[in-house]
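Structures for review follow.
In what follows, subunit A forms one complex with subunit B and a second complex with subunit C.
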Partner chain A sequence: MLGYLRSLVYYFFYAWVVFWILGGNWTPAWDKWYQVFGEISPWAYGGTGVACAIGLSIIGAAWGIWLTGASIAGAAIRSPHIRSKNLVSIIFCEAVAIYGIILAILMSGRFNKNTSNEPKIMNEVRRAGYVLSACGWTVGIGNWACGISVGAVGSSCAIADAHNSSLFVKILIVEIFASALGIFAIIVGILQSQAANFPKGG
Partner chain B sequence: MGLTGDLWTFNVGCGGLEAIVHGLANGLLRQEDYHNITQCDSLEDMKLHLAGTDYGQFLQNEATLSSKVITERALDRLVNDFKWLRANAPWPLGEFLDYITYEYMIANVLKLISGARSGKGTLELLQKTHPLGQFEGIGALTAAQNIDDLYDLVLGDSPIGKFFQRTDRTDFDEFSMEYIRSLLHKNYLEHFYKFCEEIGGDTWMVMKDLLEFEADRFVVTLTRNTYGVKELQKDERKKLFPEVGQLVTVHEDLANIDDDDALKDKLRPFPDLYALVQDLSMDDPANSLENKFMEKSVQLHKDSLQRQFHYGSFFSLVKLRELEVNNLMWIAECIIQNHRHRINEYVNIFEA
Partner chain C sequence: MSAEAKEESKKEVQEYYEAQSYVRVGGEVGGLAYFNADHGYLEALLRGFRSGFLKEFELRQLCQCTTLEDVKLTFGDTDYCNVLNGVSKLGPDNITDLCWRKCANEFLFLRDQATGQLATFMDFVTHQYLIKNICFLITGLLNNSDPNSLLERMNPIGVFPGIRSVLTFENTQDGMVELYRTVLIDTPVAPYFEQYFNTEIQADEPYQQLQDVYNEVEIDIISNMLQKLWLEDFYYYTQELGGETAIIMKELLEFEADRRAIEIVINSFSTALNDQFSRDSERKALFAPFGTLYPEGIESFSKVGDMASLATALEPYAVFRTLWQRAQQDGISIQDALYAYEVQLNVLAFQGQSHFAAFYAYIKLKEQEKRNIWWITSCIFQQRDQKDFNRWLKIF
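== the complex of A and B ==
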C-alpha cells in the first residue's frame, strides 16, 4: 500500500515538472484541459459509450460463466443430478450479456448524421455525445458487477446443491437478487439513451 | 487477495478441482453408515454394506477378506483420488498438495531408517510404507549400507531433504527415533506454515487455524510424553517445539514442566485448549486426550470444508478420509476379534 502511495507522489511530482517545462507554470491551466477534452469529437464519446456497454457487459457475463461453470463441472462428477438445474445460473449470467446487447443496439440507433457548424447545433451534438458516453459506462460497469456477483453465487449454489438438494432453491433466491442489479443498470441506461438526441440534419 | 485469488478469481485454476473435493467430501461415511457397519457380524456383511456407500465395489477382486485387505483397498481409493487431483493441479495447488504428502514421506523414511538401524529387512519394510508418502528414490534408501549413505540419499534425492537441514549427521546415530521424528515434524510444520503464509488470502486464513492447532497438539503431546525424561535437557526439549501456534508464548514454561497440574496451569489462558485438558489426570487411559484432540481437529476440518475458494478443503479432505480408513480398520478388527463392547470407539465425523 505504501508503495502505491509513493509511486503516486512521484507521478504527480514528475507531472508537475513536465507541465512547468512545457507550460511555464507549476499548475496546469484548467481551461486548457477543457479545450483538450472539449476537442474530442462527440461521435467518439458516443462510440466509446456503445463499446463500453457491450464490452464490459460481456466481460461481466464471461467472468460469471467461468466462475460458476468450473464449479458445476467439478461438482457434477459425483452428483450428476445437479447438471440440469444449475444451468439456470449460467442462464442468469448469459442474461447479463443480453442486457448489454439490447442497450448497445438502442444506443447505436440514436446516432444521426449532422455536419453543420452552427454553435447551437454543435452544442446539441456534444450534449448527446456526453449522455451516450455516460449511458455506456452505466450499463457496462453495472452489468460487469452483476455478472461477477451472479457467477460467485452460482458457484456456491452448485456445490451446495450437490451436498443437499433442498438448498438449491434457497440460494437461487440470492442469485435472483444479484441479477436484479443488472436490471437496475439497464433501466437507467434506457432512460439515459432516450435523453441522447443527436439532431438530424445535413 | 493472495496467490490463489479468493472469491473473484479462484475458479480460474482450481474451481473444478475444488468442486470435486467438495463432492468427495459429500461421500464420507455418515452416521447411519457407521451404524450399519458396526451391526455387522462378519467382514462379508461389512463388504455388503460398504458397497452401498461411495466405496462401491472396492473389494470385488479380493478372494479373502481381512482387516488388512479392507484397510489397504480403502487407502488405495484415497490415494487414487489424491493422485488424480495432484496430476490436474496447477501451481501453487500442486506444491500445496505435495506438502500434504511430505508428512507421510517423513513417516516412511523414518520407518526405513529405524529398519536400517536395527538391521531388519528393509525390503519388507518397503511394503509397509504409506502409499501417499511414496516418492522416487524411496527404493534406493533400502540399498544404503550405513547411516551416512542413508543421510546423503535422503538429503540429496528426496523432496523432504529440506526438513533435515538443521539436524546434524551425528543426530541420526545418537538420538532416538522419537527425537528425530519430533524434529522433522517441527521442521515440516514450520515450512508448511510459511508456505501457506506466502500463498495468502483465504487459504492462509483457514490453514493458519488448522496448522496452529496441529502445532499446539504436537507441543502438548510432546510435553506429556517427556515428563521427567532425564536424557532430554530442557533446552533440547524446547528446540523440538515448532515456532507456530497459540502456545508459542509459553514454550519456555512448557519446556520446564513435568506433571499434568503444571500443564493445566500453563494452558489456563488458552480457553479452547484448556477445555481439552482440564479433565486430565495421570491415570487416564492413554489415548483419551488424543481422542479429544482428534475430535477437535475433526471439527476444524469440517469448518474448513464449509468455506469455498481456498486450498484448505484439499487438506481437510485428505485428513478426514484417512481418519475414515482408520475407523474402518478399527471396526473390522473389532468384528474379527469379537470385541463388541469397544466397537463404537471410532472417531465420529458427522452427527446424524
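== the complex of A and C ==
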C-alpha cells in the first residue's frame, strides 16, 4: 500500500515538473485548466455518470459472484447440503447490480433536451451535468466496494457452512451488514439525482 | 504396432508431459479479493477434506475396539468408510497404508487441478516425499530387498514418472554419480542432489564420499542433507509468495527446522556423528540456516553429547524449555512433545482464508493421523493395556 502511495506522489511530482517546463509557470494555471475541463460538454459528464453507475456496480457484483461461486463449488463437493442455502450469498451480490441499474434508470430519466446558448441556461445545464456525474461515481464506487465485500464474506460463509451448519446464519449477519453498504450508496445517489435538474427548453 | 506396444508408448508420452509440468512459478499471491480466482475452488475442496479428519470421540471409539474387525466397523461412520473394503488380512501396517493412500489420492487430486503458484507450492510438498522415496529405494537395494515390493511400499505422494529407474542403482564406486547422471537429473529434486555433490566436492576429501560404497547410515545422512536443502528452498520460496502465506509458513517451517535439528542431534547420540570432531563439520552441516535455534542454539549444539547437555542447550528458548519440562513431567519422549506442538501450530494454519499454508498443514496433520491410526491399531493388534493407548494426539 505504501508502495502505491509513494509511486503516486512521484507521479504527481514528475507531472508538476513537466507542466512547469511546458507552461513556463511553476504554479498551475487554474484558468487554463478551467478552460479545458469546463469545455467538456455537461451531457458528457452526465452520460459518464450513468455509465459509472451501472458499469462499476456490475463489476462489483460480478467480482462478488466470482469470489463466492468458486468457494461454493468447492465446498459443496463434500457437503452437498450447502448448495441451496448459499445461493443467498449470490443473491446478495446480484442485488448490488440491481441497485446500479435502478440508479442508472433514474439518472437517465433526468435528461431533458435543451439546445439554447444563453449563459444562464447553460450554467443550469452544467450544474445538472456535474451533479449527475458525481451521483454516478458515488453509486458506482460504493456498489463496487459492496460487491467485493459481500463476495469475500460469502466465500467464507460457504466454507464455514460446509463444516458446521450452525455457522451459516451467524456469518450471514456479517454479509447483511456488508450489503447495507450498497444501500447507503444508492440512498445518497437517489438524493443527488433528485438535485440534477436539466432545464427543459428548445 | 501391437496393443501392448501402443499402451507403452502412450504411457511414455504421458510421463513425458507430466515431467514437463514441473514449472516453477513465483511472484506474489493475491489477498482476500483476488485469491479465489485461481485457487478458491481448491481451497474450498481442501476445507471439505479438513472436515474429514478423525475427531476425538471417533479416536476414543477406536481405542475401545478389541479386534481389528471392530476397527473396520468403527471406520464405517467416518470418512474412511470404504477404505478397508475387501481386505482379507487386517494388520496395523495394512490399515495405515490404505488410510494413507486415501489421503494421498485426495492430495494428488488437488495437485492435478492446481495451477500457478499453488501448483509449485504443492510440488514442493511432494518433493520431500520424493527425496524420502529415492533414499528408501536405495536403502532397500543395499539390503537386497525385492524390487517390486519396494515399489509398492513407496510413499504414493512422492512419485515421479520414471522412478522405477532408480532401481538400477548399483552399490559400486561412482554408483551414486552414475545414478545422478542417468536418472536423478531428470527429477525435480535434481538441484538438491547437485548442491549436495558440490558441497561434497569442496570438502576435505574430494570425490571420496561419492566414490564410496554406501551403507544404510550414510544414506540416512544423505537423506537428511537433501531434506535440509529442500527445506531451505521451500522457506525462501514461501517468503517470496508474500502475504498470509509467507507469515504462516514462516512459523511452520521455522519450527520444522528446529524440530529437525533436535531430532538429528538425538538420533546422532549413538553414532559417529557425535564425535567431537564431526560435530562441527558433518553434524552441523545437517542443520538448516534459519529457525529460532539459529544461530546461537545451533552453535551450542557442538557441545551437546547427550540428553542432559541437550536440555541445557535448549534452556534459553521458552518454547523448547516448556516442551522439555512437559515431556519429563508426563513421561513422554521429547519427540512426542514436539509432535504435539507441531499439531497445535498446524491447526492454527487453518484459521484464515486465502493462503496456501492450509495445503501444507493438511499433509502434516494427515501424517499425525497416520501415526495415530498406526499406534492405536498396533496396540489393538498386540492387545496391550488401555493405558498404553494414550500416545495418540487429538487433531481437531
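In this section, the second predicted complex is superposed on the first by the 181 of 202 C-alpha atoms of A that agree within 3 Å, B and C clash if a C-alpha of one lies under 4 Å from a C-alpha of the other, contacts with A are read in each partner's own complex, and residues count from 1 in each chain.
Keep this in mind: a residue touches a chain if its C-beta (ideal position, glycine included) is under 8 Å from a C-beta of that chain, and two chains touch if they have at least 3 such contacts.
Computed from a predicted model, the values in this text were never measured in an experiment.
On the shared subunit subunit A, the superposed partners subunit B and subunit C overlap sterically. Using the contact criterion defined above for the overlaid structures, shared-chain residue A:Ile77 touches subunit B and also reaches subunit C. Of the two partner chains, both subunit B and subunit C are touched by A:Trp66.
Once both structures are placed on chain A, subunit A residues 63, 66-67, 70-75, 77-79, 148, 152, 155-156, 158-159, 162-163 are touched by subunit B and, in the other complex, by subunit C.
Those residues of subunit B that touch subunit A in the complex are listed here as 7-8, 11-12, 15-20, 22-24, 26-27, 54, 308. Considering their complex, residues 32-33, 36-37, 40-52, 353 of subunit C touch subunit A. Interface residues of subunit A facing subunit C in the complex, by the touch rule stated above, are 63, 66-67, 70-75, 77-79, 148, 151-152, 155-156, 158-159, 162-163.
The residues of subunit A lying in touch with subunit B in their complex are 63, 66-67, 70-75, 77-79, 148, 152, 155-156, 158-159, 162-163.
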